[in-house]
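Below, each structure is written out as structure tokens.
In what comes next, subunit A is part of two complexes: it sits with subunit B in the first one and with subunit C in the second one.
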Partner chain A sequence: MTDLAVLSGAGKRVRRAAVDWTGIAFLAGLAVVILLPLIVTAVWAFAEVWRFPAIVPQRMGLGYWQDTLSRNDVWTALWLSLGITTTVTAISAAICFPAAYAFARLDFPGRNLLFLAFLSVQAFPKFGLIVATATIFLTLHLVGTFWGVVLIQLVGTLLYMIWIPVSAFQGVDRRLEEAARDVGATPMRVFWSITLPQALPTLFAAILITFVSTFYETDAAWLIGLPNVRTMPMVMISFINNALEVQYGAVLFVFLWVPSFLLMLAARRVMGADAFARGLGG
Partner chain B sequence: MITASHPRAEGGGLSGLLLVALPVALLIWLVLWPVLQAVVGTVYFPGKGFSLSSYAFFFTDAYSLRNLWLTLWVTALTSALRVAVAMPIALYLRFRSGSIAALVQSLALFPLFVPSVLVAYAFIRVLGPNGIVDTVLVALGLPKLPTPYLTPAGPIIGLVWERLPLTLLLLLSGLGRVSIASVDAARDLGAGGLTIFSRIILPRIQSSIIVALAFNVLGLFSAFTLPYLLGPASPEMMGPYMQRTFSDNADPLNATTQAVITFAFCAAFGLVYVRAIARGRRGPA
Partner chain C sequence: MAQVRLSGIAKTFGKVTALDAMDLVIDDGELVCLLGPSGSGKSTLLRIIGGFETPSAGAIAIDGVDVTGLPPERRPTAMVFQSHALWSHMTVHGNIAFGLKLRRLPKSEIRDRVERVLDLVGLAGYGGRLPSQLSGGQQQRVALARSLVIEPKILLLDEPFASLDQHLRERLRDEVRDIQQRLGITAVFVTHGQDEALAISDRIVVLADGRMQQVGRPGEIYAEPKTAFVAGFIGAMNMLDGLLADGEIAASGLRLAAEGSGPARLAIRPEDIALSEPADGRAATVRRMIDFGAHVVIDSALADGTHLRIQTDKAIRVAPGERIGIRVDRWTVFTEDGEPRRYRSDTLRSFRDVRYA
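This part shows the complex of A and B:
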């Protein structure tokens, strides 16, 4: 996967070759297929009047932002979503990071087997797993509750919150730790002053991925949460199904994309594309 | 699997076990136990003994079979389309560099950062009735498009769009194993593009294609949001079908039976996929 890095880095090397027509064709095609739908939808959010078949809106303005963002269901869902997402991410980090440290650095019986167990969750189609868990939640009266949604989403985060930090802890320079210990640092001191700071950027990336993907999670929130627990994506779905004013959904579209946009900015800095692909088994 | 970077690890078998205990307990309670419960609970009924009646129902019920069949062919078609769309882009990115290639790559990876609810909404604004495509067609004096919204084509288009980046990344990682020198050598010997692709490139990226396929099958058998929002109400893919059986029909037994059936159909692919990620994980990079 290093080739991806090479490819993007090679951009700086100016080639005096022929014009890259293939690339321009791909670029045009992708712009139409990938960007245009998003731009059109975003324009809807700022269109006060856009009647078919006009190519551009008849009137632009922020009127619908006021309308949408003054809806109670939107704010209730936003706070609920942030609450669930923060809870899931915090619990996940609290239980998974120590486990990741153990998997990366300690030698204990059954280590490989247990790690394989986390991977093997990926062998099941996820929605089937959610249905199977929901059946158990029925008997525990967890369906339609805050904690039911937290638990099912928490399980979904386990793999990445262990897996990504494992490589972070494995990547820590052991010579620095040994040097610190040689000059008399206690194991705890070594962990806080040497190990943790080195692993921190990757741990932060794992937290960010977990937070954003939990925020947008729909499958489990739908099956376990509804009708009592309505997260932000559920409000978006009700806007789609109930065909309210087009603009309500469009405003929410722009508004809801913000966390993903932040993740994208962070991804460009912290993570290489190869991290994604390796995570997928590429 | 994960090799300790130092054989003389900091010891402490007990502390290691304690540190992993909570996530492992959660895994057992909320994954292994539900799977076991689903498999056993659909064939063994306390007090009544063994019965395969819910499976017999599924495999004789015309509607269930239509849903399974729909899921199978949508899976086949979507997987094929994803590879067909991603392959040319991957080949281009492997053998070309420059600022345009970098831009192509960023654009193709962009859907990674668009959550599926938002994909569904954008889809309707573009390809739905009186969407932007219709607007443009009418402006050009052409007839409107028969909209794919709420037809089987709807989810297929959405699902291809949404997972293009991951398919592309898998193919690119496979193409990383193809040396440019060998392609150049074949070209110097007069091999055509098709020969180079089938004789040199394809054999090297076979495993990546298989992993991409396994990944697709697992994802499509559990696809829910896009088929639900963009697809027809009937027949429906397994995801929406399970949800409706569980929530609307309040029938956990049949919903769980459907879940176990999706497990069975995905078992072989799941094994391939987990083996691949376990291999990719081995040792720190």
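This part shows the complex of A and C:
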């Protein structure tokens, strides 16, 4: 008995000794780089007075929340941003998903070239591309319009909305499709009943990434949208640039960060972390 | 009811010839095994029958109807894939019912048929599970059930149990044979396990390099291989390179009666060799003895070092390095051209003489 106890105790000690210090160091580093700014900003959102030498704010409260959230331009911008983002994501999915399926499954001449063309949009210096587009949009009277912003942001979504779905469709085992044909399904039926459901979690990940990144897109929104179309990030930037108190920006940051973070968490729960990993080339 | 006729089937992928000049008739209710080494074209042939590949040449007819141009969903075939290929987003019931729903059968009938087929494969009560909640063997049974439920005329199985352990594999293949005979369906079973082929098939088709080497009943293929390849591939076999001359074949110091002249290959089954007193041209040196319990296998070396496998009585004991005499009861000589020639030693006759004396 005693012998056994000693042995198992020794076993535990060995296991405890194998602490992964490198891993912990990395984690600590990441925490400082990512979490610290988050925390500081979050604290700012609730600080009413916070002057330089103090480590914690002198006075906390919800005053700035009231100020910020009672502004009309904030709510207008929020609804506008949601409208633009939803439109962009929906159109992008409608264009890109069928294209992705074609790239993944069909073998047509010029396939690789076309695929490259889709992706190469991302290789241009983005700002230059937007400026060039802006000059074209000017002549088309698209600058400063809802559809102008939608169009330019659509271009920015192509990379993720093609790339991730292509690997999603490629990740569907051909034999699953063949098995469905085998028991009598037509190619169309196979797509709806087998291929699409199998690829869905990863497609959903692509939609989510596109939605969030489009919502926070600034360059195009700035050059094409302003002054008539002011999206949420534009409002945030103007708060900061116009030297209103830092708190306005911080409040909006927390206000927007919380829902998108919760959305991501929910998505992870629903489809499992591997859907993201698979989408990004797994 | 369902007869498959392949005429002149060939298939090339780019420059690779996967299949060539296949002529084969599979009779109604027959279970035919496609047997051959990796890359010999077994899967390709099966996929051509199932409609997943179109042959580059030739035609395929089922019950006299040409189906060469028909897609899989319009052929009376059903395939069981090696990787089971179950749809992970559907339950077991959903997987099996899918084919029936496509046929727009009434709900109650679908339920009955799914339950009956689950019963048949020994998985009653598993309908509500997801494929990921089943063991490998159970997953393969579901795949089998999914194919059987649509009542195919022809069942195609592509190494369905290759990923399972041996015990389970043996049990499932016996079950497949049992079900196939009970339902009276025609089946084509791809395997590269010769034991599997010998155990369950009515006929075996041996493939090598995309060509049919031999078609025959299991015992026939084992006892009378037509080519050196089949001889070496089915069952344990000693294959020796030899030279024919003066009514004898000489191979690695072994000399046996044979007609003809020139280079030839000598094939001897381990169980066709018995031990005797060493003599000139009839001797070997023991390297290792393997005791299988039911019999003993002696790995020995001939004069030039070539291995010779001998299967003999379980009571026999020899030591490494020991010199033993061998007596070959049956042997086959394959020449470059012409039919193989089979020989039996007269010791068999003398054995009979002893019995009837």
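Here is the rule we use: the second predicted complex is superposed on the first by the 222 of 282 C-alpha atoms of A that agree within 3 Å, B and C clash if a C-alpha of one lies under 4 Å from a C-alpha of the other, contacts with A are read in each partner's own complex, and residues count from 1 in each chain.
Following the convention adopted for this analysis, a residue touches a chain if its C-beta (ideal position, glycine included) is under 8 Å from a C-beta of that chain, and two chains touch if they have at least 3 such contacts.
Quantities reported herein were computed from a predicted structural model and do not represent experimental measurements.
Residue contacts after overlaying the shared chain place A:198 against subunit C, while subunit B stays out of touching range.
Contact with neither subunit B nor subunit C is seen for A:59 once the two complexes are overlaid on the shared chain.
Ranking subunit B and subunit C by residues of subunit A touched puts B first. In the superposition on chain A, A:107 makes contact with subunit B only, while subunit C stays out of contact range.
When the shared chain is aligned, subunit B comes close enough to touch A:99, but subunit C does not. By the touch criterion defined above, A:175 lies against subunit C but remains apart from subunit B after alignment on the C-alpha atoms of chain A.
No residue of subunit A lies in contact with both subunit B in one complex and subunit C in the other. Subunit A meets subunit B in the complex at residues 1-4, 6-8, 10-11, 13, 15, 20, 22-24, 26-27, 30-31, 33-38, 40-41, 44, 52-55, 95-96, 98-99, 101-112, 114-129, 131-136, 138, 151-152, 154-155, 158, 162-163, 166-167, 170-171, 174, 187, 216, 218-219, 222-223, 226, 233, 236-237, 239-241, 246, 249-250, 253, 256-257, 260-261, 263-264, 267, 273-274, 276-282.
Considering their complex, residues 1-2, 4-6, 9-17, 19-20, 22-24, 26-27, 30-35, 37-38, 41, 88-89, 92-94, 96-105, 107-118, 120-126, 130, 132, 134-136, 138-139, 161, 166, 169-170, 172-176, 208, 211, 215, 218-219, 221-225, 229, 238-239, 242-243, 246-247, 252, 255-256, 258-260, 262-263, 266-267, 270-271, 273-274, 276-281, 284-285 of subunit B touch subunit A.
On subunit C, the positions that touch subunit A within their shared complex are 50-52, 71-73, 77-79, 81, 83, 85-89, 98-99, 102-103, 143, 146-147, 150. Here subunit A touches subunit C in the complex through residues 173, 175-176, 178-186, 189, 193-194, 197-198, going by the rule given at the top.
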